[in-house]
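What follows are several structures.
One chain, chain A, appears in both complexes that follow, with chain B as partner in the first and chain C in the second.
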Partner chain A sequence: MGTNIYKINPEFRDIMPKEIIDLEENATWSATTDKRGIKELPETKELLEEHSLCAGCPEAAALRYVLAALPKPEDTVIVNSTGCTSLMFPHIALHTVHSLFGNQNAVATGIKRVLDWRFPEIEKDVVVLAGDGATVDIGLDYTLQSFFRQENITTICFDNEVYANTGGQESGATPKGQVFKMAPTGKKFEKVRMWELAVTSGCHYSMNMTASAPKAVAKAVREAIFVARYLGPTFLNIYTPCILEIGLNANEGLREMKEQDKERFAAFKFVSPEAEELLAKLKEEGRL
Partner chain B sequence: MSKRSDMTETKNWSGQTLVTADHMLFEAPRSKHFMTGSEVLKEAVKRCTVDASVSYPITPQSEAAHLIGELWAEGYVGVYFRGENEFGVMSEVAGCAMAGARTITTTSGPGTLRAMENFAQWSGTRIPCQLILMARGINSPLTIQPDNLEVSYMLETGCQIWYAENVQELFDMSIAAFVVAEKPDVHVPIITVVDGFFVSHTRESVMLPEDDIALFPYDPNRAPLPAIDSETPPGRFLRDPFVMKSNYISYATHASWQWEIRSAVERSVPYARHYLKGLVHVTGDADAEIAFVACGTASYQAKEAHRELTKLGIKTKVIKLRTIRPFPEAELLEALKGVKTIFVPEFNVVGWLEKEVKKCLYGKCDANVVGGPRVAGGMSMPAEAILREVMEKINSGKGA
Partner chain C sequence: MANQGPAYYSPYPTAVYEGVITPPEGKALLLTKVVDEEIAMREIAKVMLTSENATIFPGPQVLYGYNEESKKKAKLIKEMSEVLNAKMIPMYDYRPKYPKIDAEVEINPNHPNLTIWHNEIKAAIFIGVHCHYANVALKIVRAETDCYTIAICGLSGHEDAMATLRDMHSHELEKFIKIAREVKSELKL
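Up next is the complex of A and B:
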């Protein structure tokens, strides 16, 4: 169907909310531009309408970057899990799923396999977007198993190093020693290095980064989705600090991310030789 | 492997001629075969134009899951793979069905309990997938024996639950189950239960239509909620929970959504009545004052007991419940007219069917309900056990 599903019936146009009309008139799709990206954010209609996260939440910014970078949003399904991210999902103008807490990569597997079965001629991308609790703790099995099975899925973890939506409890992604609820004397074990597990579990592309540089996030998302589409599983771990739980003000998220660019989220990038080749070819073709 | 695009208006992707469910179930000529429940499920799936199946090993359903895999390798099923565990499998099934696939899976006992969170999610997302539940005991201590306690955990998941007595019923029910579950005004998951081993592993004579015909494919465009395939306009609310907004409207919506799921299960009644030829099957003496209300293998054993009691001059009837959700209240009350004592023989320790029967009859029927006999953990239920229960009741103090 492509972008036709976003065409408004002329008879209903006068009663449509402005954001729906904007989607038709001013959103970008794979057919309207070769390369969607961050640069479009100020001028075009975003796929995320208003949301209910805290003021200044880096996660909201990161989601805007992700959505702006999708190579083919009109044929992209995003699978979510429980947590702060799930508060934004009803506001995304794409097909999205919230199923249970932790089963996101299993649901995405079913969706991707059936989309390939039903629409063999159409490239449909499935992207998982979940927090660190969903990815590293409760959903670790399903996440890694989807990597083992070589599912053509992009998995993005918005790592805020804490269970934020439930009130600030320690997660597997919390750094050692950090005091959070359920770890009143400090966390006893090291932060789980999910980006490394992704590599040993079969991902063709794995990154650890912060959301401090929008263009870098967009580039990673775009590359990860292309590699997942043509080769196999890809993983992005993106630091989106919970400013509320670590005691920062609404305007301090960016500074925190920049500081962590050199610390726990110092750039880690793995690209398999096949993925290198693919990305070089896509670049040559002008698709990256 | 097949391609879905190989399908034409008259043939499915594996070249079988497409027919209606009525033709498949009631009109197509049948021939006699001799096979187990696991084997007959393969024959049913083969004739259902199934898009997707996800499997996981657990006794006693493993063979049925293998055989569906063979159907995939033979080109009858579009998507098939082994999941990581039952929680993962049921989530993968959800993904398949959300994306617009006719989807089937199988599980048993501990697998059912491991996957439990998914079943309420299935009904909440209004997917019409089918689970074949080959009931077995639940740990601990470890058992792999037949026992249907797990069904009690499924009763309030919002899924339809049907119960097949034997190999033949498993064949016919599992075909009808897709058809009823996929009706746009129903469109909730369906669980077809059989007793593990007693049905899955027992070879019986069955009458099957030829395998060159198959059901018309599932059409996700008729679903009450759009398939997650990016082919329809995305709503602000797709299948997300209403927790996103903490206000009166979101709470009210959530409440009405849950009512709607239960209403959808009730709306399956006329369809189930048609395809199953009644929600209950009554056999025995029409004017009996003693009735057995049972499902699955217990109803088979009750029929054995009826034959023995007939020799003793005691009139009984057997009311076999074929649907548990929806619960066949009207049919049961009708069948119980004139009955003074009801026995509910069951293969579990808690007597969940007895509770269901009592709840249904409360204030509507004066018959005395006896919860029993009950066996569990793999114990068999010989007709003598049922006879003893009856004789002790009607011949109190003197025993059987």
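Up next is the complex of A and C:
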């Protein structure tokens, strides 16, 4: 990988569309800046600009924050799974792998191990990004097993508390009592507290949050990736509500997330003592 | 429009179902026949020089300068387009286009036929396109258009193209350009 794969040969520059020339000239890579971040979003070429999600979907905004916060995008592989997020991944200008539904952490494990073996001299990050159906229900086994094995991967769950793109079925992350189109009698048991399971399963860094504050999301993503790179598994649970399934308008996603900042998604943060030490060191070195 | 495939599974009558397979090393494929590389090169040059709106579709492996070979190939492909009087339309990555492809200036493996229909391309060279995407694109083009497709491939070639040159690296491209110049002067173009 590396940034050379984005450098257009001069013979073809005149036939390339502007968006690809922009990607070479105005996107940020680890080689061009020490600290990528959301502050750059208005001025730089983003790694995701066009997508096919619903208008106003908070998931699209959250993914833009995640992509802007990656410390080394050119050396990052994103593994995703079936769900709304998989509609966006084909549009990202990065290496992404679509796994079978629920298998994302197993696939990421294999990719990370091979990358470490093949490129021992280059730090490469593997980030899993999947919905709550893939993480908490169908892929729970694979997710937890990767935590048990202490794999060096970051797992990010875009938790919208429902199987959204299949019409609204309840998932393990749905709160108790919630009614959806395909769950008319309401959820019978409590929401699975995945961020706590992550801690007991061996994650060095675990957070529960909403995507209402871009800076907070970017900081968490960056920290989680560094901890995964040097120590072991990390987990982020980020609330990205499905505005359609809960009956909101396109402009009401942010308000919903802000309201939930104090309720089901009240901030939870676990950092192991080793991770704390690492993060303090990275901060001292100016990498955070 | 596409026909139902022989197995009633693929909508396209792909080449392998018709008994066409990639050529052995040192050989090339012209329609259904395995021929010498030089014969195929002459035929390809002739088709490109005499067809309407002949176009080269360079893929990511030559569009981006990620190693010395790709930089060298880029120069040669530019030269090739000048010798063949061919237009170039890039297949710069494989992301599906949203909301809509601009068929005039780009080609995408998910719907290559749109670009060929829109630009009325009668002959096209695929070069530097990764195998799996070249396979998809060539199958669609084969089934949906009357475009004469040519695969100039660094590996084992593509049976779904009308003409295939395999193991084509910069040295072989130089040879092809030399032959194309000869054919051009023979045709007095």
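By definition in this document, the second predicted complex is superposed on the first by the 285 of 288 C-alpha atoms of A that agree within 3 Å, B and C clash if a C-alpha of one lies under 4 Å from a C-alpha of the other, contacts with A are read in each partner's own complex, and residues count from 1 in each chain.
In this text, contacts are C-beta pairs under 8 Å (C-beta built on N, C-alpha and C of every residue); 3 or more make two chains touch, one makes a residue touch a chain.
What you see is a predicted model; the values in this text were computed from it and never measured.
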{"item": "First (chain B), second (chain C), both or neither touched by A:A280", "value": "neither"}
{"item": "Which of chain B and chain C A:S52 touches, first, second, both or neither", "value": "both"}
{"item": "Partner chain(s) touched by A:P120 [first = chain B, second = chain C, both, neither]", "value": "first"}
{"item": "Touching partner for A:H91 - first (chain B), second (chain C), both, neither", "value": "both"}
{"item": "Which superposed partner A:I15 touches (first chain B, second chain C, both, neither)", "value": "second"}
{"item": "Contacts of A:D75 with chain B and chain C, given as first, second, both or neither", "value": "first"}
{"item": "Superposed model, chain A: greater residue contact from chain B or chain C", "value": "B"}
{"item": "Partner chain in contact with A:I5 - chain B first, chain C second, else both or neither", "value": "both"}
{"item": "Chain B and chain C contact sites that coincide on chain A, given as residue numbers", "value": "5-6, 52, 90-93"}
{"item": "Chain C residues touching chain A - in the complex, by the definition given at the top", "value": "58, 60, 62-67, 70-71, 74-75, 77-78, 88-90, 92-93, 95-96, 98-99, 102, 105-106"}
{"item": "Chain B residues within the chain A interface of the complex", "value": "3-5, 51-52, 54, 78-79, 81, 83-85, 87-89, 91-101, 103, 117-118, 121, 125, 226, 228-234, 236-241, 243-245"}
{"item": "Of chain A, residues touching chain B in the complex", "value": "1, 5-6, 49, 52, 74-77, 79-80, 86-87, 89-100, 103, 106-115, 117-121, 124, 141-142, 145, 149"}
{"item": "Partner chain C, residues of chain A touching it in the complex", "value": "2, 4-12, 15-17, 20, 50-52, 90-93"}
